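Read from first to last, the chains carry the letters A, B, C and D; within each, the first residue is number 1.
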Amino acid sequence: MLTIGVDIGGTKVAAGVVDPDGRILDRVKYPTPANDPRGLADVVAKAVEELRGHHGEVRAVGVGVAGFVDEDRATVQVAVNLGLREEPLKERIQERVGLPVVIENDANAAAWAEARFGAGRGSDHIVCVTLGTGIGGGLVMGGRLHRGRHGVAAEVGHYRVVPHGRRCACGNHGCWEQYASGRALVAAGQDLARTDPTAAGRMLRLAGGVVEHIEGHVITEAAVEGDEGALSCFRTIGEWAGVGLADLAAILDPECFVMGGGVSDAGEFILEPIRDSYARHVSGRPGRRLAEVRLAELGGEAGIVGAGDLARH
Amino acid sequence: MLTIGVDIGGTKVAAGVVDPDGRILDRVKYPTPANDPRGLADVVAKAVEELRGHHGEVRAVGVGVAGFVDEDRATVQVAVNLGLREEPLKERIQERVGLPVVIENDANAAAWAEARFGAGRGSDHIVCVTLGTGIGGGLVMGGRLHRGRHGVAAEVGHYRVVPHGRRCACGNHGCWEQYASGRALVAAGQDLARTDPTAAGRMLRLAGGVVEHIEGHVITEAAVEGDEGALSCFRTIGEWAGVGLADLAAILDPECFVMGGGVSDAGEFILEPIRDSYARHVSGRPGRRLAEVRLAELGGEAGIVGAGDLARH
Amino acid sequence: MLTIGVDIGGTKVAAGVVDPDGRILDRVKYPTPANDPRGLADVVAKAVEELRGHHGEVRAVGVGVAGFVDEDRATVQVAVNLGLREEPLKERIQERVGLPVVIENDANAAAWAEARFGAGRGSDHIVCVTLGTGIGGGLVMGGRLHRGRHGVAAEVGHYRVVPHGRRCACGNHGCWEQYASGRALVAAGQDLARTDPTAAGRMLRLAGGVVEHIEGHVITEAAVEGDEGALSCFRTIGEWAGVGLADLAAILDPECFVMGGGVSDAGEFILEPIRDSYARHVSGRPGRRLAEVRLAELGGEAGIVGAGDLARH
Amino acid sequence: MLTIGVDIGGTKVAAGVVDPDGRILDRVKYPTPANDPRGLADVVAKAVEELRGHHGEVRAVGVGVAGFVDEDRATVQVAVNLGLREEPLKERIQERVGLPVVIENDANAAAWAEARFGAGRGSDHIVCVTLGTGIGGGLVMGGRLHRGRHGVAAEVGHYRVVPHGRRCACGNHGCWEQYASGRALVAAGQDLARTDPTAAGRMLRLAGGVVEHIEGHVITEAAVEGDEGALSCFRTIGEWAGVGLADLAAILDPECFVMGGGVSDAGEFILEPIRDSYARHVSGRPGRRLAEVRLAELGGEAGIVGAGDLARH
């Protein structure tokens, strides 16, 4: 049995035919219509029909979307970047394509894909953490996706790591994503350049001398060259990421953590300080069996694979 | 079908016949043998046989124990207060009573009971938090008990709320239970008495003038009388408890929190500040549907009921 | 003997003839020339000559400037808002007016005025704290202005109150001025309006419904009306201000704190929570004699008076 | 002109004849009488008379005592370890020896000695920090000892570095001395031994395998051998010590910090991490002229020298 997985992002709608082993057999991609719920459903329907033309045995459609999805996996309660509010996306798509449709938060879909076919395969208890601009997450526990009562579980980026800490766009202070996300990495690099230009010399040169141009890829590039200033930025962010994993381990006791998102592209430069910090901060030492910390394997396609596979179950 | 639930505590072994509605039909109680694994199995077997004599239709035994239980729910990895290490408790009891046996952490068993028959009944996503001397917890998610990969999930008392915070017996600093447990309540009362004896006047009088005698029941008694000093202690602890619930909500999105343990005996004196703090700290305001914060209903018998019911499933 | 005090601000140069009792006998005011060190000295000279025309017995000139002044009180090392760097301001003015000139940091000058003629008169040990956009300060200890080795003492706004706290423009995190300044007050009001529009209702109405228009005077106006939301903002800032006074008391043991700056215009709305927080946080309770916390008395003229009086000594 | 300096400690009264260059020409030592104010004055008088027998030109007596001394430098308000409360020590000694007497806090006396004759000579703005069991301090500003309004300035160990931090014996939480004192160093070593016995292996061996026997000298000995676990303890404490110096620099702008107390015996092992942390945390980087961080030079005799010299002025 085949399904179609759709990943609705801020700029493009990517869809693919997914087989039971998590492979994508065929792909299409369209621009995301801005602030146009019906137009969005039209685009999804077009992508589905196009793929179905070549794969008649498709039986269901799964859709991942960057927003809060209700407990019936039918309505998008709010998706800020897409301009959706209380949008009956399942119904709209279903009436267009005549197949069963399931809607899911995109981070949840990606986490499910990693758990089934990626870095987490073989484990029943997985915490996926996406270190992107902010921090997102997905929980697979007892082999099932944990969505929470209202579909908003795994908002791990907004648990608090510092009382009275840095202001977060969510209105709170000290959220984890202010300390361990890609934005935090960039802030660390730019702070260093402002207060110690010598230590940040290599990054500054790669950024053309402009502090504001020190972005994630600049820091990674300098780190790859062995630059101590850039490595110190990764250590700072990794330290906080590890603190968060330790807290999540105390609460959830997973078998492994799967780390995705742009920051994870730095590979061992970020994984090593994360593992080191996690091992120092987790409770129950010595003696506790440590969860593994792995890199996500499916990259940008995890959303399609996960959405497709969730439609199957 | 009936089962027997056993709650092994540090001083007594309490057992009861549990029916499918979570009622206890019959009870026995024995002292806990100290540092004697075989003697402990003997006592459990004796309790089971005694109850079985009156209730022949018992089909299984569930045992709750204050310690880490492995993923097969058979071996107690470590139970400090009982002197157990890598103890094959399931096997020992099974060979004595000839019934299927399941071993479970006692906080998990109690959480299960509250979820099925107590304050959490009707909900599929429940976080139980026990504010006792320390802080324990239990997670029921998607209608199932979440034990984690190694059986040590829900150690919520040891997630960190303050970087560089108060020293915890676990070896870390800033653990939640240093701020929101019964011990933290007592510390708050005694700190007040040392630094502002006037404000703590009522508590001091109830404690016979001795700072060290300001214990939980003293603070509760003063609070019931409306004493401002005692109420301020509950507000301090409730503030921290609410911070923790907010973090747990960000990660787990439960439908309700069930608050148990000795601190919860203070009822609204502690619940009100917890709810207030939780509502101020949770992410996603305004708009987020708040999980309810309820008092546990089953009291000291939750362990028996939960263990018995888990044996049924 | 009379002197002239000059207060060089970002938009105007204010000067006055100061008598030995700290009274201003005569005043003039000119616009501040932008990024023009020589033009600035010309303006100061013009103001001095004008005042001297009516008061021939003037014997010295004191100049307060918002910047770092070297230990010889002659050179402005850096004054960001005035575009000065290593500027020999004393020499430039002296050669124009032919009188002894002394240069001083403006917050120091104002602190000196408060200590001698304002809220601190009669005390030898005074800490002035200016809660403006940021936080500045001035120390008078043993009856003398404490300038520090390099003239940059009393930068109290940049001592750290929260590890890993809010990012400060100075490059550090968790500086006091991120928690207790006017900017922090405004942030508290706007945060409340975003996360709890009901609680911030009165402030929002006064701000025409626009969160970004909730500024200091709006919060003060609402507080004067007794609005609970606005009062809670003052309590938040006052709590942090009091923490800082407690730390300063541990280090300096002053006889009184003199609170100035725009936030202080709120009077008891801010003083009461400051005093309350200070008394709870100061070390050495019970038994410690608490320093008084008073409002500054000289307002915007403190700079002229202080600069003039410093020229006399 | 010669004076006599007396250092009243918990176990011994040490006195010496001090010349104008801060040299001790002669010494005597007696046990401290316990809880006996008159007996204490007798012992001081005996020591003074004995020294005077050989040095007839002695003209005044200075007495350093571990307690709060009033602003007249006459009365010991409270000295817990000596059992003194509102003790007119100046009068008692004066009537016995017939010489002018001045009483001073012992940390202040030691700071004065370092400022005049030790690591701080030649500087007018000095902050002395004593990293002993707790943290004490002394301020010399503008060439004068800063005692504060009530004689309790420089209680730097009790300014707060961590909100909601570790409980301090003073009744507050998060005091500096909970993080950077000798007691904090020992706690760091023992914490490491409990949570990571391998990393603490060398310290544990030196302590005979008993965690509680890991004391300051054990950690220093292991550090001298290059043991990474012990060095990490010094880095932890040095990091916090440097944070405190950065805060003190923002407030006081000293020319140098003089570090004394038992922890300072570790020399560069502790100084290097302190300097490193101080340079990273101080405000005003880049560009700020950093105060020097030096080791105290006078050791245990600073109290005698300082008390003697203060009697001269």
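Please note the rule applied: contacts are C-beta pairs under 8 Å (C-beta built on N, C-alpha and C of every residue); 3 or more make two chains touch, one makes a residue touch a chain.
By chain, UniProt protein names: A, B, C, D = Glucokinase.
What you are looking at is a predicted structure, and each value in this text was computed from that prediction instead of being measured.
Asker: What chains do subunit B (Glucokinase) and subunit C (Glucokinase) have as common neighbours?
Answerer: Of all the chains present, those in contact with both subunit B (Glucokinase) and subunit C (Glucokinase) are A, D.
Asker: Among the chains, which one keeps its Cα centre farthest from the Cα centre of subunit C (Glucokinase)?
Answerer: B
Asker: Can you spot which of C-D, B-D or B-C is a repeat of the A-C interface, where more than half the contact pairs line up?
Answerer: When the residue numbers line up for over half the pairs, the pair is B-D.
Asker: Find the geometric centre of each of subunit B (Glucokinase) and subunit D (Glucokinase) from their Cα atoms only, then give the gap between the two centres in Å, rounded to an integer.
Answerer: 47
Asker: With chain centres taken as the means of their Cα atoms, state the distance from subunit A (Glucokinase) to subunit B (Glucokinase) in Å.
Answerer: Distance between chain centres, rounded to whole Å: 34 Å.
Asker: Approximately how many whole Å separate the CA-defined centres of subunit A (Glucokinase) and subunit D (Glucokinase)?
Answerer: 53
Asker: Specify, in ascending order, the residues of subunit C (Glucokinase) that touch 2 or more different other chains.
Answerer: 162-164, 171-172, 195, 285
Asker: Note which residues of subunit A (Glucokinase) are touching subunit D (Glucokinase) in the complex, please.
Answerer: Touch list, subunit A (Glucokinase) to subunit D (Glucokinase): 163-164, 195-197, 280, 285-286.
Asker: Once bound in the complex, which stretches of subunit B (Glucokinase) touch subunit A (Glucokinase)?
Answerer: Of all residues in subunit B (Glucokinase), those touching subunit A (Glucokinase) are 78, 123-125, 139, 141-142, 144, 146-156, 158-163, 170-172, 175, 243, 246-248, 250-255, 281, 283-285, 287-289, 291.
Asker: What part of subunit A (Glucokinase) is in contact with subunit C (Glucokinase) in the complex they form?
Answerer: Contact set of subunit A (Glucokinase) toward subunit C (Glucokinase): 162-167, 171-174, 179, 187, 191, 194-195.
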